[in-house]
């Protein structure tokens, strides 16, 4: 069993021609695709429809190849998108696929591994509360099992999409005599992201059950997961989980690593995650090593306290540009500069995901010894 | 004669309290101030009034201290501002001041030097044309003379503010039987910046007179100055020039250096300009060395061709966020990450200023031997 | 033969559930649909993907019902969308359908009539030039014939989508030894809209052939059509034309009327077009009359000269909000206030479409005598 | 004693040349100016510095003419600005001035009257709470007394600027063992506006003291004032109040009237307020009557419930354009269309100011009989 990673460009959010081409050339079979993570060129906010456009196009493509209705596929194959390619960032998507059977004998070195899970639907009155945390935690462990990862330390990146409270859901909850954590859409989305981060932290043993409570969410920012990347959206009712790590049950040439970023200037974390993958950047990754990098994922956040290393920033007070757009552009510029490549997944809304005011970075790369192994493909 | 550099934060575009404090504490005399370069928190566009607000406040302050009308000061002391502190960037201003008399004996090592000049008003029909290039070139040479810099190679950064064609000026030109290069405000501003860049390049010997023609502006992007930073605005009628370099006739602990940036990912250029100042970044400037850095100036540009290293960028097609705001945020994030400091002057509109699609970086720092010398002050 | 008009809300740009419902309830057959004009909630600019998302969803829906590939449908059924529901405007789409055969005997009163046409592809070197004007003009006459409208005075609204020059098309034209009118995307789109407006004006006899020339486009703003509504986009290669008017060969309860708007404050034109349809607004359309209104189409423009009735406006200088978004919001607010209804199609980019600095308005309404006739449906 | 109103254009937020001109021509003495209400061309948000720029320029001008420090003037003469001239709106300011002594004998007809007041500073822990309501209420009554208005029904427009909780004030309150209503800047500003509206309603008898409570603010939207226009900002510590009405103790040719607006489409309210001033609009105010209009003030709000007359609006979900900018543009377009004039003061953030989802409109006009009276001046 080996994982393949395809990092593909798109000309617009409805352009899946690169994936179509890979399938046509038999470099990838549609039934091998187990998840997609992508960066579309919208604004990343509530009215960003590039995510829905991409998802509709992807599911129609898979439906044609798999003879399975798009409605069914969308509940089975996580497609988690972040809108907003600010600054130098380029619209792209990462197709995560699996081929073959698990190794009967675990290999000590192991390789990059993928697992996914969908939780049961989260009732509106549980969203952004401790019960939501538990729901995510269970789903993460399920995805780890699917990925054949037993040791939480082998997990390096967990992408989750959580449901949030919509007006309709809030209304229904009220009618049923329940209260919701917040009926304000933006706060509900933030609470859902917080619950997701707590859930990942709990599943990975980064925190204990005693640290989970309704009131800790968006309050106690010392609680965090350095491997959680959470989005929340009205379009899902259940938690969608993608676990990425290394496992002795997988073969292949890929490995994944991650590092916490202490703040938006933490270039050291970028260098370290590359170093973990035997890639040096002095100061920029060489052309040769660059071709080994298969995907880079970053979470970041405009510092809530309005300052970075003692200097005021203006992101939170800008009425013209959303703060998340600001920070994605800045951190994207930094990471792309080190990598020498603009195909970086950078997502905002990093509450409890990495250090407060900072975030995290994960990268997938071919092992040094594997040059020419051909298990993956970056177009 | 020594130059002092004060890099000061502001709480809003009308906040000059830090400068007022320095004068009150007698760390600086108002009559020592010869130029100000700053980054205000507007949008950097035509309707960015933070620059006017800051300038009005600065001139009122100087007027009080110097007993000279603000109207007169504004024609004597260049105050060149770039709006837009996207991403991690912090609003700040750099006060450039001079104290004492020139060295009678040039010192071989020399030190950081400043010169300014104002050209004669540029008639509307000359703006953005070869005559404008010549006008800038003459002013640059005048500022070099004032800075006691004879060798053009000793010039490392030339900040120019050029007039552009307003509707009223275009009308007046037409009435006088003249044509203007362009009556479109945005094109006129770009042409004026191009003329400014050509003018600097000509003065510094980066190009010869044969390379200057009306038609080369905004057309022949191989013509460039790697030391020119040009802005243009309706508020000036003459070219305002600030030349920064090193000169054997100045003393003090400061030096300046510059590098061209080949594109928006050119982290190597950032490292090199620091290296030129005996500062290493591995990958980030140390706290100790960071205190030696007095000012950093960057020019950058969203690549006209829509791609960065072969990957599509979306800056030029974004109807919601101006392309210059995108690129300032991204390049600012990169440079701030290397410096570990968000007090970076980053300005867009870099036509003919550094390589096409890239830009340039200049930095002023204390010399290594000067630690504790106290000739400068970063608050 | 009668035309039915369905004005339908959408929850997001991929939501065609109202149309799906009408078809399921057999209020409309998919094969009766001949054109769609809609207002989606994007930014209306180059990076507005809500139009593509809606179109993809519509064509997939029609493809299911008609057993015809979406690729074929998209070249046969015009779907012309304007992005941007600024201010009070609501996202909605107008489905134009036709049922039955033409009257054998023309009825003197006549009724609302629809015709569509697709021109041959416009080569890149002809876009935005006189040849493009001719191509549009021919297509408009073809659509008039399909609509059984002989008298140009019976045409009240012509919606056209024109191709523009993309980088790829410009490159191909150059390779073939041809020049393009402009390779700048925004200018090319404006030139294409201008050519479309000239083409409509020519077909309707608003101008003569002698007024058409390459150089008159975007220059001679006295040339105009008061019935043309033009958009341009990279996604089409041919001109798509929808002609709306009244014809003695159609039956039914609907009529259409139009008026030129002299500027963005021309509330009189709004009142007059309603009056033409026997609807009074004193000052607002009554609830009863409001139900007779089936669709309202408006074109408008931020005055190029920077003033409205002698007072400065700031739309053209705003770096934060695109000028077209400004004007759509303002004129939409005015028209919606008179109508008492926010389902107004308001589109910018009105060069040569109505008076310079103004625009035009068209409305479709049930005739007074037809109350209860039920030939149309507004949900 | 008579009030004069001068409605003046500005070329940019620092342009007070029209006022300077009036003073130079002795049409107005600086010591007659008692308040200024204006519309500057910023974004109207936290980072809108056009208000500060204008205020600084105004106070410097008055300081020169009155030989009084700007710091003192700013605490004495209310200058209340709303940023954002979306759509057709034009940047302008209304100078409210007073000349002469009160009539010894009240005249039954009366005339337009102005009064101002500054409250004591509002401690941070009282902002946005019942104590704040009381503080505003007291100041409104004080301003009424200054305006010689005894009957609350004679008050037609009350402009208030309230302080809000800044981070620093919240910190200080906490240090003193107090809590603040909200430390979130946007919520604090909304609560402050709500307190201001309650305070006006209480002073004018629109509500009783029993309806005032901490919890009613931003909760019970049936509580409202149809004459309150409230802004809040970090730059003030006390409530600044401007009361506009009619009083038998004033003479002159001006009158003021107001109407509630039920929603953003309420064109009827615009017609009615004009009718109250004997101005007809059928549908647009005639050129002759238009010259009688001295100032128009509007408050409006994007409907919290996401719908206008049953149709979805997209203002609240737009990540690119702030909802207040949307609504100002739309309602400004409507009112300007009826008036035939773009010099309309339109301000958002209308919580409890007029009907929920709507707002209010007030207008000052010359009486019919007074044509040629010359007590006022609209440039």
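Quick notes
In order of appearance the chains are A, B, C and D, and numbering begins at 1 in each one.
Definition applied: a residue touches a chain if its C-beta (ideal position, glycine included) is under 8 Å from a C-beta of that chain, and two chains touch if they have at least 3 such contacts.
Treat the numbers as computed from the prediction; the structure is a model and nothing was measured.
Chains that touch both chain C and chain D are the following: A, B.
Comparing the CA-atom centres of all chains against that of chain B, the greatest distance is found for C. Chain B and chain C have CA centres that are 48 Å apart. In terms of their C-alpha centroids, the spacing between chain B and chain D amounts to 41 Å.
With touch defined as above, residues shared between interfaces to two or more other chains in chain A number as follows: 41, 43, 47, 314, 320, 325.
Remark: chain C residues 12-14, 41-42, 47, 49-50, 52-53, 56-57, 60, 320 touch chain A in the complex. On chain C, the positions that touch chain B within their shared complex are 43-48, 167, 185, 306, 314, 317-320, 322, 325.
Contact residues of chain D toward chain C in the complex are 9, 11, 41, 43, 85-92, 264-268, 270-271, 281, 283-284, 308-309, 311-315, 320-321, 325-327, 329-334, 336-338, 340-343.
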